[in-house]
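Several structures are given next for inspection.
You will see two complexes here that share chain A, one where it goes with chain B and one where it goes with chain C.
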Partner chain A sequence: MAREKKKKENPVLGALKKIGSFFKDFGEAVAKGDIWVKASLLVAGAGYIRRKQVVKGILVTLLEVGLVLYTVLIGFPYLAKFGTLGTVRRGAPVYNPVTMKNEVPDYDNSLLILLFGVISISALVVGILLWMWNVVGSYRVQKLAESGKRLNTFRQDLHEMFNKKFYITLLFLPIAGIVIFNIMPLIVMICVAFTNYDQTHMPPTELFTWTGLANFKNLFSTGGLTSTFGYTFSKILSWTIIWAVSATVTTYFGGILLALMINSKYTKMKKMWRSLFVAAISIPQFVTLLLLRNFFSDIGILNNMLTEIGFTGFLQDVGLITTDYIPFLSDPVWAKVTIIVINIWVGVPYLMLIATGVLMNIPEDIKESARIDGANAFQIFRKITMPYMLFVTGPYLVTQFVQNINNFNVIYLLTQDIYTTMDQKLAASNGKEVDLLVTWLYRLTSEAYNYKMASVIGICVFVICAVFTLVAFNTMIKGDKEESFQ
Partner chain B sequence: MKKKLLALLMATSMVATLAACGGDNGGENAGSGETVALTVWAAEEDQELTSALVEKFKAANPDQTFDITIGVQSEATAKDTILVDVEAAADVFAFANDQIQSLVDAGALQPVQDVDTVTKNNVAGSVSAATINNTLYAYPFSADNGYFLYYNSSLLSEEDVQSYDNLLAAAEKLNKKVGHVLNSGWWLGGFYHAAGFHTTRTAEGGTDLNWNGTADYTGVEVTQGILDIVASPAFVAINDGETGNNIASGEFVAFVTGTWDAGTCQAAFGDGYAATKLPTFTVAGKQVQEGTIGGYKMMGVNAYSDNVGWAMELALFLTNEESQVTRFEQRQIGPSNIKAAESDAVKANIAIAAIAMQNQWATLQTAGDNFWAPSKTFGEILAKGNPDGTDLQTLLDTMVKDASAAPQ
Partner chain C sequence: MSRKKVINTILLNGTLAVLAVVWLVPIVWLFVTSLSGYDGMNTHRFFPETFTLRNYTRILFEPDTVAQFPAWFKNTFLIAIFTCLISSSFVLMVSYAMSCMRFPGRKGLMNAAVMLQLFPGFLSMIAIYFILKSVNLTNSHIGMVLVYSGGAGLGYLVAKGFFDTIPSSLREAAYIEGASEARTFMTIVLPLSRPIIVYTVISSFLAPWTDFVFAKIILNSGISTDWTVAIGLYNMLNRTLIPTYFSRFCAGGVLVGIPISILFIIMQKFYVEGITGGSVKG
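What follows is the complex of A and B.
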């Protein structure tokens, strides 16, 4: 085991080495390749066509032409403006009564320039890499031909894609999808954090431009975006973490306890109980949450019932509440507790299902021998069940925590429109006591169009989640724990 | 080696995607011979009405073929949808007048060409609400978007509803409640504007707000006046957006809200259903008439529309006298058209008559985006009766400072 570990390379170093050897290969191909390989520096397919791989050669050349045309015709005009994100503001339109149309001179759209700029730069980088790769490939074909080996025909190439290299064919679509629909928009959104894209700089009417690190300085220096931005950020961050910890821990242990209870040999009609809890999952979460919001509102059913049976009056006498209803979702402390409790109700069934599966997998003989050694039920739970559960569900726990940091649904649906903060400092920054970073972010963008700061906070949330995930995975899954359960 | 094929496929598909993105469908020329495509956004409740009016518009322009689609968009949130992507927004859309400044700032509104027709036919308040920097930007069609008092006339006399002092005393005697939304800058504005204060959006997107100063009265005196109302056990501060549910509960004998709750109030008060101007409230020992925020709904034309000329024709048609009469008949929406508003049917409508009466004490409110959250919180503190006992001047100073800030 120990020896094997030493062999493992640092992944960063490995990647660097790979990149290094790629450039070395390219240099070698250019230096040692014959005239055809050198020609494929200019006409991409030249090397292949020389070796009778005509179809491949033509396809590669067409791709080259396409990329060059794109860069020159579409990419370049945008790239030229990428540095400023546009300089020509859209003037007031002039109405022409004869044509019944507005006449508008050409103008720049910063958002499109940013978007196409990013796409064009990526296309350029990918294009250059493909170009180098193509030269390396042509050289490899030359060497194969020189050593007298048979070269694949195009048909054989295609055939291989469905056999030996089928994984490449399979992975192509998902990877293309991730690049186009996830990575590209993400890069654009990250770029927004370094611009002044907000309500007063909204394309297409107005322009926005690069502002460097100004937004980050605003966020972290006192003063900042609004007079209370720092105060609001720290307050919301601390509630986000408290929420994420309590939401994760409560549903986790709640789910395990529920599963243990249902799995207990004394429980009758196990399947029915399990189905009942799973039924809660089958209703879409937002329906449940919106119904619960009405149920718990100040004039909701629950408050009516509690007033009728005199519970509200009792709480008033005790001094827990001053209102003549229970402010389940309208008082900062009550609301936080209610939200966590509702989340237990919504989240426990999922964990119960997972825990049921894991619990059934614990080898009965370990428990049996523990029982023979005189361990009681709680000791078995603490020393056998929990460590096993924690090991198996560790990664799930980490992702669950990160998901809770970004748990938009529960917080937003339960508090939007019915929770009003009484803290003037929070209100000045559009925040509420019950906001998570992500709901605050949403309202900053959707209600105040503050895209630049939303992007900055988004980056902060990402950093928090990434650091936590790395640390958690490293401490939980590191080591040889695997051995002890096998 | 075959990786090249993958690379090739990947790159080809990417180029194809990019090319598709870049492809700009060239502007079609909509001469009189061609079909003019227009999109109209109207509130969900107005869909049938709008499509009927659109048919009439087509009939009125037989020489031109149209392809008009109608989409659903609440007037209250039109701005939020439009500002996300002005170019994708409808050619003609309905919106509430509080959004006009943001829309003009975003370059979304086409200035009205036929200014005379609009100005001459609609009430002055609605025209000035549609005017920014001396340019008319929209076509008003309703003048009923304010608040006034509904009450149960079988329990309350006309004398009772003249002032909050009488109203609350009578309600206390009846063991019934009086409802008013306080946690919103829009609903609070009526009190402060009545005392001579104003709320005006600045060019930088902030708000010129003087509620902590001195006009006819001081801001603290007005605030104390509101707190005195809140202190009555018969008063219930309603959560913004929950007026309907509350009225339906049947606990109320009087309620401050707008025409949108007319049906609910009628059901709740039965034969006693009545409406009138808002009561007076006590400020520094004197009776002050509570105002309303003048609320108008209007049609706007998208300045980015490909057929901006026909869009303006359509907007003009959808807001003319005949359309406003139809709108009143089918949806009980109070017209801004002067002639339409003078008809007997409109005058006989209890709620619209009340808003017309209240409109004598209506003021305009325009505000930057930072106004709403701080004023909402300020209203919530008042609604709870200032539980921490914070000095009122401090409360006002903080609120005004935060609410007037321009976005950064």
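What follows is the complex of A and C.
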């Protein structure tokens, strides 16, 4: 810890500096290296083989050959078309006299070009960096040999991988997984935001191509009769924010309140109460949420019961509803309230568990001295318990907010196939009043195949979450309160 | 006992009882409907008129074109086992490297991980679908395992937090005795991390049981025997299927719900042990 705290410099600047020194090392290696180091510019293993690190030399050379072969044979054909994302549309099958069958002539698949183009470019960049790093490494080996130090044998190198360099062994597979299943797909989808990939441009039958910032303009322009994305976006964005704030706040305070009640000295059988609430959330969400949406449906059991006891009639008399049922999940306003209430049901027990853990850690003597000074229960809660809770769970609250912006399950499972929007403008862009940005994104892809707009929305969600996280962490960590409760 | 104390006790326990009833209504409804003699959803009575175990026998032993519960259960179980193996080892490996080792780029990697998690998961899902399709892994359970466990390394924070609490003097003693880093990891740190290992294993085992979005995208062939429990049960509540399958859906929900709840409750216990364990040891 101490070492890292020593100097706090700008991380971006630090990274730039590191990149700069890497290039400097490379320049120095090329300029001052002997003939073998220079040869390793061409044959990657040359420098190592000269220093009798034969196995290592052969391995890096093989890697080099593999990368070059991939780039030339597979990568290059895709890269050549990357600028246009393909020009040859899929044609009608043509009779092939050689195979005596009807065959579709060669055509371009824009999506595959984009996919493999991105993969090839990344492979190329990584390859060039590895190549430079290898030359630097060869030069380092040369310097070591010249100063008369003993060089590691391959066996020793291998041994290092389980010792000083064990982190490379540990991180290799997980990072490879993250690159393949997170980073590559993200880059591809970010690229899609700058193309016209939608229902009328679906590979393999059709082509799509780069359109620059057109989709972003489409999202932020509100005028026009055909384009309702701006309208839908502002509506859904405001509901997303309202939802995220109210969902986070209600479950947070609900959870603390419940934890305080359960842990109160007047409460009997604390363990039993706690397990009852945990039991409620331990059933998989898709089961309970699907059940609840039927429970609250227009012709569902709750509506029937409320009609029987006359509550629905009362609401009709008061003028709160015009239908002869309560539109819990079918009216825009009612549905939003119902969803937030159901989310309290889902979220409070989790918060109760966390709050219980934190509350137990509050030093009892602080509370005791406050009590002696004459503070009542509410004052203790406001002046000691709450600040302590906020301090400990602050970062959790931030991640919780971000998770609620991306809370797909609750909204999707409660409204999919049930809620239909009456707003023509929303319907035109596949949105609904109760959609969050992420569920809208999902509906755009699964129902309308509008991948280009889905990607734009995904980028917007990222920007919102990133800005919020940065601001929240900066304001929270600004004052150094780390020791105020120790 | 003073008068005030009695009132407080009654008030608190009474409120808790009311809240507990509210929280348990859906679960009780799930359970009693699963025993209902009526196939569809009875919207007029909370408790069914006739009780029977037929929903359970039908969903377990008489699979039809819609309900293939035994096949779903087997699929999900296999996917969960392999996901659990791969993700748990990824998570523990990354956590150890980030917590116990110091190397160039460590901070950078951690910041990158935070950034990556701010992107909505579905965004990359579409591209993952096409990547899997280009290697013929859509509609395959291997593809599902890869989707669930591929990026697992990103979820390393909880386990790293636990490793951070293991006194570094223990590791240093091991180095002095001549143990390699790998040996220290396997024989010193892992045996001390039981609570967090159990937590990691259970939470990664549960992921395939509770997720249904990714499964719905990847397993889209419409062949019901290929599905996982989540998509299968979701499909039973289709508008046209509800009248015939609702009580069987409830039976299925109870059947997956019970083992999952048990695992979830164990996991919670170990999670609390894991995050509070540090203060005890220090």
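Methods note: the second predicted complex is superposed on the first by the 466 of 486 C-alpha atoms of A that agree within 3 Å, B and C clash if a C-alpha of one lies under 4 Å from a C-alpha of the other, contacts with A are read in each partner's own complex, and residues count from 1 in each chain.
By definition in this document, a contact is a pair of C-beta atoms (placed from the backbone, for glycine too) under 8 Å apart; a residue touches a chain by one contact, two chains touch by 3 or more.
Just so it is clear, the model here is predicted, and its values are computed rather than measured.
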| item | value |
| --- | --- |
| Contacts of A:D417 with chain B and chain C, given as first, second, both or neither | both |
| Partner chain(s) touched by A:M389 [first = chain B, second = chain C, both, neither] | neither |
| Touching partner for A:I180 - first (chain B), second (chain C), both, neither | both |
| First (chain B), second (chain C), both or neither touched by A:A427 | first |
| First (chain B), second (chain C), both or neither touched by A:T469 | second |
| Which superposed partner A:F166 touches (first chain B, second chain C, both, neither) | second |
| Touched partner set for A:I299, first chain B, second chain C, both or neither | both |
| Touching partner for A:L353 - first (chain B), second (chain C), both, neither | second |
| Shared contact residues on chain A - chain B and chain C | 169, 175, 180, 299, 417, 446 |
| Complex contact set, residues of chain C against chain A | 5, 8-9, 12-13, 15-16, 19-20, 22-24, 26-27, 29-30, 41-46, 90, 93-94, 96-97, 101-103, 106-109, 111, 114-116, 118-128, 130-131, 134, 146-147, 149-154, 180-183, 185, 209-210, 212-213, 217, 230, 233-234, 237-239, 242, 246, 249-250, 253, 256-257, 260-261, 264-265, 268, 272, 275-276, 279 |
| Of chain A, residues touching chain B in the complex | 56, 59-60, 63, 66-67, 70, 74, 90, 92-93, 95, 97, 99-102, 116, 119, 123, 126-127, 130, 133-134, 137, 140-141, 152, 157-158, 160-161, 165, 168-169, 172, 175-176, 179-180, 198-200, 202, 204-206, 218, 225-228, 297-299, 322-323, 330, 417-418, 420-424, 426-428, 430, 446-450 |
| Of all residues in chain B, those that touch chain A in their complex | 1-15, 17-19, 21-22, 30, 80, 83, 86-87, 102, 105-108, 110-111, 113, 183, 204-205, 239-242, 245-246, 249, 303-310, 369-370, 372-374, 376-381, 384, 387, 395, 398-399, 401-402, 405, 407-408 |
| Parts of chain A lying in touch with chain C, wherever the complex brings them together | 3-4, 11, 15, 111-112, 115, 159, 162-164, 166-167, 169-171, 173-175, 177-178, 180-186, 188-189, 192, 258, 261-262, 264, 266-268, 273, 275-288, 290-292, 294-295, 299-301, 303-305, 345, 349, 353, 357, 361, 402, 406, 408-409, 412, 417, 437-438, 441-442, 445-446, 451, 454-455, 458, 461-462, 465-466, 469 |
